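Look at the two complexes coming up: chain A is in both, with chain B in one and chain C in the other.
Let's look at the complex of A and B:
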C-alpha cells in the first residue's frame, strides 16, 4: 500500500484520523446505498422479465394476427384501412427518484371519441382478422410502455450501481488502507521521535549525573588534600 | 340500350368454360401447402400461367408475390372486358377498386400526403385522374352516387375529423352504386348477386360490431343500407345478443345462413369462422351458374372464382413467407369450385 506523502506531525495525524473517520463513514453509507440499489435493481429486473414475457407473447400474437389479416386482404386494402389512425396517443414523461437516480415514468393518454374507438376503418370491406390484430396491439401498448420504463430504469440503476461499487471499492481498497498506513507510519514516527527524545534525555541525565559525580569526586579529593 | 340476350354471351361463355378448367384445384392447393418455400409456390403459380409473364422466379417470393397477384387480377378484368358484349358487367365490379382508391386519396389528403403511396389496380378510373378530380372537386365524370359520397366525406371529415367516416360513407355508396349499375344492366341474375353481396357485407358489419361490443350509435353509422338484410332489420336487433340475429335470419331470404353462422358462433370460431360461412354462401350462389349453358352467369362466376382463387393463393403465399402452420391456412382457405 502506498503511503501518503505527508509530514509526520501530530497535526497531520489528527487531520488524517479525521479523514479516516469520514472515509469509513462514507464507505459504510455507500455500501448501504449499493446494497439498497442492488435490491431495487433486482426487483426491477424481476418485474422487467415478467413484463417482457407478456409483451413478447402479445407481440407474437399481434404479429400472427396481422399476417392473417394481411393474407386475407390485398396490400392496398390493408394500407387504406390502417393509414389514418383514429385515436391519438399522447405520452407524458416525468421522472421518479430511486436512491438519487432519476428513472423515467411514462404515462399515456388517448384522445379520441372513445376509449374503445381504436378501429379506424369501415367493417364492410375489411377482414375481421384485422380487428383482433388491432385489439391485441392496443392491449400491448401499455405493457410496451411499462417495459420501456423498466428497461431504462434498470439501465440507469445498473450504471449507478457500477459507479457506487467503484466508489466503495476505492474507499475500501485504496483510500482507507492508505490512510491507515500513513497514520500507522506517523504514529510510529512520532513514537520513534518520542523514544529518541527519551533516550536523549536519559543520556543527558546520565551525562549530568556523571558530571555531578565527577564534580563531587573532585571536591572530595580537594578536601582530603 | 338494346337488351343483351343470353345468346350474346355465347363467345364469352365458351371462352370462360374453357378456362374454368385452369382454375386451381383443391389438389393443387394441397401441393402448394406442401411446398417447402414460398418461392416454390411462386414457381407453381407461374407454371399455372399466373402473372403477365414477367415474373422473375429467382427473386424472393416476398418481392414478387403481390405483383403476381395484382397482375393476375388485372389480366382477369382485361379479359372479361374484351370478351363481354357489355363492359358495364365488369366495370360494376371494378368500381370497388375506384372506391378503395378514393378512400386512399381522401385519407392521404387529410394526412397531408402528396400521394398515398399505393393504389389498387383494375379500377375504372386512373388513380391519378381520380385524385385530380377529388382535389379539384370536379366530380362530374364520376357516377352521381360516387361524386355525392366524396363530397359527403369531405363535409363529414370537416365536421368530425373522424377518418372512419370516410370508410363508412364510401362503403355505403359503393354498394348503392353497384346496385344501381346492376339495375341499369337489367339482368336479374346480376341484381340478385349484387343484392346478396350487399346483404352479406351488411351482416359482416353487424356481426363484427356486435362481437366488438360496439354501441347502437356506432351501428347506425356503420351499417349499409342493405337489400333484404336492411339497415332497419339490423338496427332492430342492435340491442339484442348476437344469437338473436341467427334466429331472425331464419325468417329472411338468407335463412340458409342461420345454421352455419350460429354453429360458428357457438363453436367460438370468432369472426374468421363466420366470415368463412358468409363467403361460402356467396360461392354457393355463384356455383348455381354451373348448369347455365349460356349467359352472363358463368362469366361472372368465373370472375368470382378467380377473385377467390387469388385470395386463397395470397393466403398460402403470405402463410409460407411468414411460416404460418398449414392447419391455420387450411382453416381459412375458401372452397369455391
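Let's look at the complex of A and C:
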C-alpha cells in the first residue's frame, strides 16, 4: 500500500493518529448502516417480488377479459363506453425515511361516485365481459400502486446500498491501510532518529571524557616538572 | 396532487381509463419516449408503461431509476408478460447484494 507523502514529525503523527481513529469509527458506522439497509432492502424486495407476481397475474386476467369484451363489441362502441371515466385517481405522495433514504409513500384517493358504481357507461350497449374487466381492474388498482411504491423503494435502496458499500470498501481497503502504514513509517523514522541521537550523545560523551583525561594528564605532567 | 399515467398500445391501456388513470396510447417508439418525458416533467408520480414499449426505450426508463419521482413501472401488455418487470426487480437485487439471491431457483 502506498504511504502518504508527509513529513515524519511528531505533529504529523498525532494528526494521522486522529485521522485513523475517525476513519475507523466512520468505517464501523458505515458498515452498520450497510447491514441495516440490506436487511430493509431484502424485506422490501421480497414483498416487491410477491406484489409483482400478483399484479402480473391480475393484469393478464384483465387483459383476457378485455379481449373477450372486444370480441363481443365493436371497437368504436368500446371506446365510446370508456370515453368519460366516472372515477378519477389522484395520488398524495409523501416520503418515508428508511436509514436516511427517502422512499415514496403513495396514498391514492378515488374521486367518483362511489365504490360500487365505477362503470362509466350504460349497460344497454355494452357486454357483460367489459363489466368484468373493469371490475377486475379496479381490484388490481391498489396492488398496482403498492407495486409502484415498493419497486421505487427497492431501486432507491439498492442505489444507496451500492454507494455505502463503496464507501465502506474505500475506507477498509485504501484509507485505513494507508494511514496505518504511514503511522508505522513515522514511528520507525522517529525511533531511528532517537537512536541516532543517543549514539551521537554517547560518542560526544566519550570524546569529552577523553579530552578531560588528556587535560588532566597534561596538568599532572606540568605539576611533576 | 399527483396523477397516474399509463403509456402503451391502445388495446392494452384503454381499460385503465375506466378506473381513473390518465391513458396515453402510443404507437411508435419515438412517441412513447416523448410521451414518457412529457409525463415525467408534468407532475406524474407513477407512470405505468407496457413491457412492449418499456423494452423499446430502456434508456428512457432507466433515466428515472434513481430519482424519487416519477416511478416508472413496467406492466404486462395485452400480448403477455415479457418478464421485464421481474428482471428490473432482479437488477435491483444484483446491484445491492452483488449476486442474485432471490431468483436463483
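Basically, the second predicted complex is superposed on the first by the 218 of 225 C-alpha atoms of A that agree within 3 Å, B and C clash if a C-alpha of one lies under 4 Å from a C-alpha of the other, contacts with A are read in each partner's own complex, and residues count from 1 in each chain.
In this section, a contact is a pair of C-beta atoms (placed from the backbone, for glycine too) under 8 Å apart; a residue touches a chain by one contact, two chains touch by 3 or more.
This one's a predicted model, so the numbers in the text were calculated from it and none came from an experiment.
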Checklist entry - Should the pairing of chain B and chain C on chain A count as a clash or a fit in the superposition? => result fit
Checklist entry - Between chain B (first) and chain C (second), which does A:162 come into contact with in this model arrangement: first, second, both, or neither? => result second
Checklist entry - When the two structures are overlaid on chain A, which partner does A:79 contact: first (chain B), second (chain C), both, or neither? => result both
Checklist entry - Is A:198 in contact with chain B, with chain C, with both, or with neither (first, second, both, neither)? => result neither
Item to check | Per-residue touch tally on chain A - higher for chain B or for chain C | outcome: C
Checklist entry - Should A:120 be classified as contacting the first partner (chain B), the second (chain C), both, or neither? => result both
Next on the checklist: Quick check for you: in the superposed arrangement, does A:90 touch first (chain B), second (chain C), both or neither?
Outcome noted: second
Item to check | Contacts of A:70 with chain B and chain C, given as first, second, both or neither | outcome: both
Checklist entry - Looking at the overlay, what does A:131 touch: chain B (first), chain C (second), both, or neither? => result first
Next on the checklist: If we overlay the two complexes on their shared chain A, which of chain B and chain C does A:188 touch? Say first, second, both or neither.
Outcome noted: neither
Next on the checklist: Please give the nearest C-alpha separation between chain B and chain C in the three-chain superposition, to the whole Å.
Outcome noted: 7
Next on the checklist: I'd like to check the shared interface: which positions of chain A are touched by both chain B and chain C across the two complexes?
Outcome noted: 67, 70, 79, 83, 85-86, 119-120
Item to check | Partner chain C, residues of chain A touching it in the complex | outcome: 38, 41, 45-46, 48-49, 52, 55-56, 59-60, 62-63, 66-67, 70, 78-79, 82-83, 85-93, 95, 102-104, 106, 108, 110-112, 118-120, 133-134, 137-138, 141, 144-145, 147-149, 151-152, 154-159, 161-162
Checklist entry - In the complex of these two chains, what residues of chain B are touching chain A? => result 66, 69-70, 96, 100, 103-104, 107-108, 110-111, 116-120, 162-164, 166-168, 170-172, 174-175, 201-202, 204-205, 207-209, 211-214, 222, 224, 270-272, 274-275, 311, 314-315, 317-319, 322, 324, 328-329, 332
Checklist outcome for this item: So, in the complex, the side of chain A touching chain B is made of residues 64, 67-68, 70-72, 74-77, 79-81, 83-86, 113, 116, 119-125, 127-129, 131-132, 135
Checklist entry - Which part of chain C faces chain A closely enough to touch in the complex? => result 1-4, 11-12, 14-21, 45-46, 48, 65-66, 68-69, 71, 73, 75-78, 80-81, 85-86, 88-89, 92-93, 95-97, 102-103
